[in-house]
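Both complexes below contain chain A, partnered by chain B and then by chain C.
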Partner chain A sequence: MTRATPPSSRRDGFSVGFYKLLFMAPTILVLALVVAGPLLYSLWLSLHEYIITYGMGDLIWFENYTLMMSDEFAGVSWVTMKLTVIVVVLEFLIAFGLALLLNQPWLKMRNFYLVVLMLPILMTPVAVALMFRLMFNPNLGIINWVLAQVGIPEQGWFGDPDLALATVVFVDIWNETSLMLIMLYAGLKSLPQDPVEAARIDGASSWQILWHVTLPMLKPVILVTLLIRMITALKSYDLIYMLTQGGPGKVTETISFYAYRLGFRFLDIGQAAAVSFILLAAVVALTVLLLRIMKEN
Partner chain B sequence: MTRLKKTGLGVTAALLMTASGALADAAAVCQGKTLNLLLETVPDSTALFEVAPEFEALSGAKLNMEAVNYSLMHEKLVPSLTASSGSYDVLVVDSYWAGEFVTANWILPLDERIAADGVDTSVYYPALMDVNGKVKGTTYMLPFWQYAMGMLYRKDITDSAEFQAAYKEKFGRDWRLPETLQEYAELAKWAGEFTGKAGVAMSGQRADPVVMEATNYLFSLGGDFYNRETWEPSLNTPEAIEAITIYADLMKNAAQPGALGANFDDVANALKQDKAVMAIQFLFLMPTLQDPKESQVVDKMAFARMPGQDSLLGAWGWAIPTNAANPDCSWEFIKWAESKDVAMKRAMAGGQPTQAWIYEDAAYLERWPAMSAVGGALAHAKGLPVMSRATQLVEVFAEVMGDVLANGTDPATAIANAEDKLARLTRGDPLLK
Partner chain C sequence: MQPSLALRLLTHFILGFCSLVVLLPLLWVLRTSFADKVVAYQLPPEIFFTPTLENYRVILSEMNFGTFFLNSLVISLVSTLLAVVIGALAAYAIDRYQAGGKAMPVIILATQMMPPIVLVIPFFLIFKDIGLTDSHLGLIITYLAFNLPYVVWLLMSFMKRVPRELDEAALIDGCTPFSAFIRIIVPALLPGIGAATILSFVLSWNEFLFALMLSGNESKTLPVAISSLVTQQGTAIGAVSAATILAMLPMAVLYFAMRRFLVSGLNMGAVKG
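Then we have the complex of A and B:
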């Protein structure tokens, strides 16, 4: 049976393409207003000298972007990269382990565990940060109290340059692992069981099944999960704002927090917009990669 | 004219203002209006919430008051102030935002209103009018509450015979409060060892906490951020380097654990939980240290002026935003909030009065005896420079302190690294011409 080819024009003289465009026009218009408009405006701002206190200054083209060459920007980029790599890797390992565990047929009360493990992602990062700020409070927090019971001296946590980033990573893992867990668990549940059964009949061990059957089949899901988490980690801001304000010194200052500081503390909208565009470029690059991988798989 | 006479006149003026025409004015311009206010979560604001219904009854206006944490205030205000019609009708302005707000034309001058209504600004401590009332000779704000800083210390410990004997043995002199920053640092380190507590509770968190605290060290040794006549950066001086060196030394060797991530709430908590002997902090922490529900050091704390030359002085001032919908009603509210009766109610609730006569009121001093030291603190205090980009100065100095405290950079290098930024902050500033 063959499908009829739709007519390229209608009796009223307007082409189908015209009607497609006409019906999509409201959506395109709304998108232009709420997405493209602000983006273009901030691009325009990034090309100007604009300190709010003094008002809009001259067009300086890409001078704000030369900030990228500064030690300061290199420092916050390095922190962002460290934070991203550490949280993505650790969260993936924990989430994948938990997803495998939840996927075991012998596990009872699976839904209960799932609900409990999902709780952190349901909480807003601000609430999570406040909770951990109190728990890690060097003088009043329960963590130091517990450590003191076993003879470990009080730690400064968010105030210790050697521990601050690690402590932020800990909080991030607690808050964000659930997202990866749910994606990986959904991926595992959707895998066909026939190849696993066939491998088992052929005498493959559990480890061999995991390495040679499950992981290759799950690869697209893993890649998408890692990329989505990398994109969100690159934009880390809320936990940093609530937990450390980028300190001590600048040891936990990410690019997003740096952009915030330029915009809201230094009131330098031009530079803040430029930094935001640099971050946007990194996120877009990752998104393109993500789309390409999804297409290939 | 003596200050007492001036104060008396001020009180009389305030009384007359409250009792007669002012209330009629309020009803005439405020009836049916809504005033939106953004306040900080501090005792003065809490007290104001309690008496706000009085203004609503007098004026017929509805007050919509929002109190938020300090760190949120500036970033909430700026977008509102840059809009053509703002969200707020009355603002409280931190002293180091004053220059920025005036340059950006975000707040209205008040001189004409002050003159028209005969408001007596001489009731305020002159230092507070300088730091948060006038900018380049024009009055933009009326001081709402002050945040003088100085030395909070455990009087019960320093008064003990055991402490004083050990002090004499260590320092070869009878006990006395430290007179210089160097003496303070020696005392802090030794007091920590002697008591087993932190010698000093410190707030090293970026940006305001560390800057507010460390600026006291800077001013104590006679240092400053700029030469206030030429507006050239002046942080690269032996005084400033020594001040930062002492601060870093205390942070490392005398402060409570986690001090580098602590803010002034954490300092208050360390003191309240009997975990520290001293702190260079805000006097407004005193009421919370005296609250038996949350403090173990009730009646054990005392306040003394900052050792050395000067301490940091700041204040919050009432202002009317340029984009306020009802500036006349905003002004009526400010007059009411600063009237004698309301100012005293705020003070008795633990606020930090700006009107000098309150500090001479017997009932007030009986309720808050430590506040008798405020006059002394104000006499040896100065504010951050009144400049358009003082908010950014705080950020830059926080970067210097962070560089020293977290990265271990030596103070001279950290200051040298910030010289260019400091110079750029004053460039083209209309307030410094």
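Then we have the complex of A and C:
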């Protein structure tokens, strides 16, 4: 269906095309100058030998990218994958469970729960991280003290190689689950009620309704939620920087933090740019894959 | 149909437990921010003590947090204002005139998929070359570009609900597309503009990586200032708590002002059904 183009204006004599350009120009200009330009520049940087203190060196093409083969890169990739999959899966399960509970028609105090559970979404990640650093502090933190009251021995949390990643996951869940909860709850609310009613009249149990009616109808919302959360999880940087700086050792070092460390601690801009592009490629590939899955559904 | 009592209790137990997990850390930090040095370190913790504003005085007067707060506010507000004005124009052109064709919305959104670390490296070098490091303007431009895609998308979705007949009638009556935008679209789009303003402000206020790399003493934002407390004052629990509360303050005000709107927006589907 083609819509009639709005009539061109007569009063000032400019064509619609002129206005289109006028309205779009600021957006295009900003995105080209501030996003596309630096992105291409960074690609160019990644093809050079470039140590900050020496300035840009020789064009070495893809040599910086050979870093991909290193054990170190394999390590940070593994951490990034683990962290992304764990937080996305756990946050999804928690958020979906809570959304289902909040959606029960008989529920009292629904608005109270909604207001509280949505609270973390507005919190500055840096402040959230700091809050939990204080509470998880092995000697001074309240959490070890509370655990001691019930007989659980003192833990090192962020300093313990076996616990650090799990503790980061906990903080991430605290901080990020609200976003998924809001999206899934809004999705549940927007579903038509007739199929559910029909299934109920036909004698389906609550579980059957959830599995055979609600879930299939909610599939598009679920996929979009997972896609968005997966991309933001791969991008995330703030929490790692604030909580562990990738440590202890490298057990919580993600690709983003690794690129930061290469560029701004080891001052190797060329390698840092190369690593960041590998991450970008992974994000793009994942997005394309998920979009394809969505289309098939 | 009411489910069994046990099931209802279980539901409230789960929701109540999760609410506590959210609330307790916040209340704990709030409490610690009013504690003096002795109380802040005391374990077992003292619940009832004489609150003091000493921590707030220290971070505001001795550590300059007032300035950082102001930096954050100026940078977030200006970049948000620009993003909403520019974004509203683009959303109008895309929705009503199909500017840039079908691919345009996707291209705009694609710029937002990028991991920030990809851009912070070239930004760092470019800003140094053109002298934008440690300036308000530098961060304003950066946040403008990052928030613009979200703003355009959000406003496009609101634009679809403004009936085309409204602005088409204005055009036929002799309005230019620009005056139709100002007189018809903007007033009809106000709820969307409100939502976009909040989204953009929150994103700018909370941004950390670029602020960390691109700001200095002149333009340091609150998240960066707070992050530096960790290394300098690793154990100044009271001051750190006060700074954390200070950073959450505008968000909390915004949240409670918007609470009713947010919840009713979420429950809208129920009214329909």
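One rule holds in what follows: the second predicted complex is superposed on the first by the 258 of 297 C-alpha atoms of A that agree within 3 Å, B and C clash if a C-alpha of one lies under 4 Å from a C-alpha of the other, contacts with A are read in each partner's own complex, and residues count from 1 in each chain.
As a working rule, a contact is a pair of C-beta atoms (placed from the backbone, for glycine too) under 8 Å apart; a residue touches a chain by one contact, two chains touch by 3 or more.
This structure is a prediction, so every number in the text was calculated from the model and none was measured.
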For A:Gly249, select first, second, both or neither according to whether it touches chain B, chain C, the two together, or no partner. first
In the superposed arrangement, does A:Leu140 touch chain B (first), chain C (second), both or neither? both
Once the shared chain is lined up, is A:Trp211 touching chain B (first), chain C (second), both, or neither of them? neither
Looking only at contacts as defined up top, I'd like to know whether chain B or chain C touches more of chain A. C
Which superposed partner A:Tyr54 touches (first chain B, second chain C, both, neither): first
Chain B versus chain C as contact partner of A:Ala164, first or second or both or neither: first
On the A-aligned overlay, A:Phe264 touches which partner chain: chain B = first, chain C = second, or both, or neither? both
Just to be sure I read the superposition right, which of the two partners does A:Gln155 touch: chain B = first, chain C = second, or both, or neither? first
Residues on chain A in contact with chain B in one complex and with chain C in the other? 140, 264
Once bound in the complex, which stretches of chain B touch chain A? 71, 74-75, 78, 82, 100, 103-104, 204-207, 256-262, 266, 269-270, 273, 275, 388-389, 391-392, 395, 399, 402-403, 405-407, 428
Listed in rising order, the residues of chain A that touch chain C in the complex are 3, 5-7, 9-12, 14, 16, 19-24, 26-28, 30-31, 33-36, 38-39, 41-42, 45, 94, 97-98, 101-102, 104, 106-120, 122-127, 130-135, 140, 142, 145, 174, 182, 185-186, 188-193, 231, 234-235, 237-238, 241-242, 256, 259-260, 263-264, 269, 272-273, 276-277, 279-280, 283-284, 287
Help me check something: in the complex, which residues belonging to chain A touch chain B? 51-55, 137-140, 144, 153-161, 164, 244-251, 261, 264-267
Chain C contacts chain A in the complex at 1-3, 8, 11-12, 14-15, 18-19, 21-23, 25-26, 28-29, 32, 41, 43-45, 86-87, 89-90, 92-94, 96-97, 99-100, 104, 108, 111, 113-126, 141-142, 144-145, 148-149, 152, 164, 167-168, 171-172, 174-178, 181, 202, 205-206, 208-209, 212-213, 222-223, 226-227, 229-230, 235, 237, 240-241, 243-244, 247-248, 251-252, 254-255, 259, 262-263, 266-270, 273
